[in-house]
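In the two complexes below, subunit A is the common chain; its partner is subunit B in one and subunit C in the other.
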Partner chain A sequence: MIVEGTYALPGSPEAIWDLLMDPEVLAKAMPGTRRLDRVAPNRYEGTMGVGIGPITAAEFDLVIEVTDIQRPLSYTMQIDSKGRFGFSRGTARVELTPDGAGSSMRYRADLQVGGKIAGLGQRLLDSVSKMLLRQGLEALHKELTARLT
Partner chain B sequence: MTGRYFGESVLRLEDAKLLTGRARFVDDVSLPGMLHVAFLRSDEAHARLNGIDVSAARARTGVVAVYTADDLGDYWQPGPLLVPPPPIPGLVFNTATQGPLARDKVRCAGEPLAMVVAESRYVAEDALEDIVVDLEPLPAVTDLEQALMDGAPLVHDQFGTNLAAWVHQTKGDYQAARAKAHRVITRRFAYDRGIAAALENRGIVAHWDSGAQELAMWDTTQAPIPIRNGMAEFLGLRESQVRVVAPFIGGGFGPKIMMFYPEEVLVPWAAMRLGRPVKWIEDRRENFFATTQERGQIHHAELAVAKDGTILGVKDRFLHDTGAYDPYGLTVPINSQCTLLGPYVVPAYDSEFTAVFTNKPIVTPVRGAGRQHGVFVMERLLDFAARELGMDRVEIRRRNYIQPDQFPYDHEILFQDFRPLVYDSGDYPAALDKAVELIGYRKFIKDEQPRLRREGKHPGIGIVSYIEGTGIGPYEGARVTVEPSGTVRLSTGVGTQGQGHFTTFAQIVAEVLGVEVGSVEVSTGDTREFHWGTGTFASRGAVVAGSACHAAAMKVREKILALAAPLVGVAESDLVVAGGAVHSRGDPAKAISLGDLARKANPLRGAVAPGTEPGLEATAYFGPDRGNAASGVHAVIVEVDQETAAVEIKRYVVVHDCGTVINPLVVEAQVQGGVAHGIGNAFYEQLHFDRNGQLLNASFMDYLLPTALDVPTVEMDHVVSPSPLNPLGTKGVGEAGAIPTGAAFAQAIDDALAHTGIEITEIPLSPGRLFELIDHATGKST
Partner chain C sequence: MKPPPFRYFRPRSLEEALAQLEREEAKPLAGGQSLIPAMNFRLASPGALVDLNEVQELAGISDANGTVRIGAMTRHAAVERDARIANRVPLLRETMPHIAHPQIRSRGTIGGSLAHADPAAELPAVILALDASLVIRSTGGERRVEAGDFFTGLFATALEPGELVTAVEIPAAPARTGWAFEEFARRHGDYALVGVAVRVTLDPKGRCESCRIVLLSVGDGPVMARSAMRSLEGVDLAPDAIREAADRAGSADIDPPADIHASAVYRRQLARVLTRRALTRAAARASETRQ
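Moving on, here comes the complex of A and B:
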């Protein structure tokens, strides 16, 4: 599953970089995140719960590793989540470019989904991912706006 | 043999039990102290198993045992190779069978990793979540063509290739035939996977009686006797210590053959080890992964034809998807290879296939067992040839039929039963004529289709032929006993999954013994009742087991006559066996009932004469020399909505030849059910795997089955070409309805949308896929 697009964020890349690496902010960008801790400089662990179609409360253990860091312009997240309903793993590439007073964020995630969520939730996976992404980006925007002022 | 019962539409004797909920299925078996099993299955399609920690699961309240591959010790063995490859020169076969629990590597999603035994299924399933598995994902291979490319991930490292098998069979000189051809029709054809989707999933209950030192096993198997023999061997027991019961089963369709599935092998082992009955019932989602599937093939085929439409030769190169393992050998692709020849004279044939390992569930026969592909390829090639030659579709078939006076007809290649592909009998032109007549082919082409087209509709007709090789050996047996009550007890070893065996076998015996059909009590699928035989597959129940029932009944009849002659006081030749008694032909009042005769045959005093046996009982066996050739013609009229790609089936006609018919009602129900299966296969049912081997539609929400609204009542007629290969003259019918459906459907759609130039070369279709193909044909997309 590939999810990609661009989204305008408040603040220059330099201004928002540290916030994007803040687990509290990152958690906001991923709806359903129940806990997310920075366990090493570029490694996060936590849990998240999402509902996809007939699977109403799938809980996943989540590990995110940030690699390929070109501060403040780009980074890659290695995402690995596992739970009783299956797994999701892959990479998400994030690129920031200055855009006026703010930044334009270009993202491209290539995720592999397996297990029950793939077999039972497939029909809804696409629409649920898009919905979660939109919610996440809006929440991220709000959080950044609040923290920058 | 025709008479009072044989050949009549006797209502099914088992239906009263089935319809009133008194038929016992495996899930109905409940024993005191019974434990329940759940399996942890791999979410990954291809991964290295680096470790598995079951300690938390073992500690959970209510969990009795948790087993991984390591816990099985010496009991961990790769499963048996069920069907070794046939003796075809040059054949290559790489054997890879599945162990009961994954040990080093998983090769398809759903492969079992651990077995939890608990006080209830709830606890067992909860405990699955306590298990921590370290699976290191590997790149997966799901595409048949990519699997054979250099650098493709290897399903089985030891072979250095994903090639599972290679077989080349030829007849005549294809190159010479091609050189003489007026036209050569060349196409690529694809057929994809579905599931059998039986009403009842698989299930096993096992009980070790330590006092009697006996293992009882209730199993949804089509082949209880091979399962008993195998389990005895695996568990180190005598065969007589193991009883396998295959009770009523809600549909077999092939995947319930003697697979020795991991669950089948592990549940009895756990029952013996734990000293308590153990039960596992497959749930519907598991069925999408844990039960075998069928039908992925890609063919590159060509047909060399003369100007008048005469077939000069066929060349076919195809890939067959065997999935992650190949325990069932080459039955499916060899069926494809043989069935392609169909009812036609094909002077030259050059067919080569490569079976391919993929990270998908195991492929074994599912109703049709590879025959679909052969029929689809051949019938489509004939359709395209007819189009190019400007011939009528019916005429090109008629021109190439093997004629009724050409039997036995030798196709000069080897069939799945390791015997030469020789057809025993048939009358293909007669079946075609009947089908053409019944569906009104000429009138449809001449009047109805043009009229409907003028109304803006898109009607189409399809008409195709097929052969179904049925009734293969090696043998089956039966025992017939007349009891003092007058009841006749008939026991045979084949399992039954809804085919009507309780009725058709009773009809055969009732006819021979002159008793009411309802007084013949049939037992099938219980190794304690009868323990010689192979099983229900290859449309062989009525042919092979039916012939054994007949032979046993004939032996009992001889005993009846010999015993009754002195008692009635006339010669054996003057005796009539009818109405549950034996009487003198000249004086019907001089009679003795079979029940009384049975009592006299088992005396408490006196002496049983030397050279005779007590009781009115006999056991007999039947093994056909080779399989026989059932055949038929399917014709369908559809209407296609070009905007939505919805297809409505207006009429469906089947003219079928299964030789002598024992019970027309049962035959017609088999055909109707088969057509439903075929329609599902043609237009609804397809398993979608992503490139990582994840099944994307593992539920009936997304895997579409045809409903009663989608399946028309099939209009049927019969041709009867009795088989000379068995005393009853019967041929098999179990798979026939499902075999040519895709080919008929494709031809009808091509015909309906002829103005677009569409060519259907793949099955299954779906409205979505057909929509794309229509767009492609009309140039709206590329």
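Moving on, here comes the complex of A and C:
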């Protein structure tokens, strides 16, 4: 599954780079994250629980590694999550371009989703990921705005 | 598979049911056509179920002062066979056979389908096209929510914890109103790849006075094709106008998902074709009823 797009963020790439790498900010961008810790300079571990409608929130263990770092313009996240309902793994490439006083963020994630969620929820994966992405980007925007002022 | 353990309540009155729904982790059980499979797959694990099947006051269809009221526990099959529904809400009658399979319709309920708010479900789109309202109760009292405000996202509704849909109320259609439902599924009874519910009302000169075009399976819930609807206001529903509106419905008005059954591009094309067919039929029916 490929998810891509662009989103306008407040603050220049230099101003927001450290915030984007802050586990607390990163957690806001991923709805359902319950805990996220930086366990090494570019490695994060945590748990998230995502429940949609009647589906009880299932807990996933999450590992994110940041690679290909071109501070402050781009990075790649290797994402690996697994839980009782399935797994997802893949990469998300993020590119920042200065845009006026803010930044334009280009993202492209290529994720594989497997297990029970993929088998039973196939028809909903696209809608669910769009919804989570929208919520995550809005929360990230809000968090950056709050932290930059 | 078998569901995880849960407590089970079988109230006999609405009052009793509402009190039991106050309990944390309690979920109402209506027809069980979505909830029970989700529990058996262990995707859903509510701590308690409040079974509404013995609550007689929640089932039944009534018709008073121009409003048709359908109790939440009324089965799809009962709506499908009801003569008042066929006469007064023909759009609903036309839609019923498209909903899943006869076995599911004999058990599934109107309120259950609306509260579940599956983006591929037919009823949310239809009640939005009909400008219906939902009657919602909790131990705190009763409120009414218009269909347009009820569906808030993917499997998400305006229902608060402890609240229950008790009925749907459908206002009488004005004179010179036509309607149509269309959907396309890979096999009959499958989740539709795209569906559309249309209602048009003509003015005395035969032009479109108001219309509703609501698509399903193209977003997080029922999606109103707003620019298509606007393009038809005050217009003669000639083939060109219908074609243009249908093109809008498949383009600017929706952002459909992709899955292994259909790409987003294919869903857009289906939305165009089905909207054109539905509008054409609805317009013809509206002119037939013109005096």
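Quick note on the criterion: the second predicted complex is superposed on the first by the 145 of 149 C-alpha atoms of A that agree within 3 Å, B and C clash if a C-alpha of one lies under 4 Å from a C-alpha of the other, contacts with A are read in each partner's own complex, and residues count from 1 in each chain.
Criterion: a residue touches a chain if its C-beta (ideal position, glycine included) is under 8 Å from a C-beta of that chain, and two chains touch if they have at least 3 such contacts.
Fair warning: this is a prediction, and the values are worked out from it, not measured in the lab.
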Which superposed partner A:P54 touches (first subunit B, second subunit C, both, neither): both
Which superposed partner A:G86 touches (first subunit B, second subunit C, both, neither): first
Touching partner for A:R123 - first (subunit B), second (subunit C), both, neither: both
Touched partner set for A:G114, first subunit B, second subunit C, both or neither: first
Partner chain(s) touched by A:M131 [first = subunit B, second = subunit C, both, neither]: second
Partner chain in contact with A:R38 - subunit B first, subunit C second, else both or neither: neither
Touching both subunit B and subunit C, residues of subunit A: 54, 116, 120, 122-123
Residues on subunit C engaged by subunit A in the complex (per definition of touch): 27, 34-35, 38, 41, 43-46, 116-117, 119-120, 153-156, 191, 219-220, 255, 257-261
Of subunit A, residues touching subunit C in the complex: 52-56, 58, 85, 116, 120, 122-128, 130-131
Sites on subunit B touched by subunit A in the complex: 43-45, 109, 128-129, 137, 285, 288, 688, 690, 692, 694-699, 701-702
List of subunit A residues in touch with subunit B within their complex: 54, 84, 86-87, 89, 112-116, 118-120, 122-123
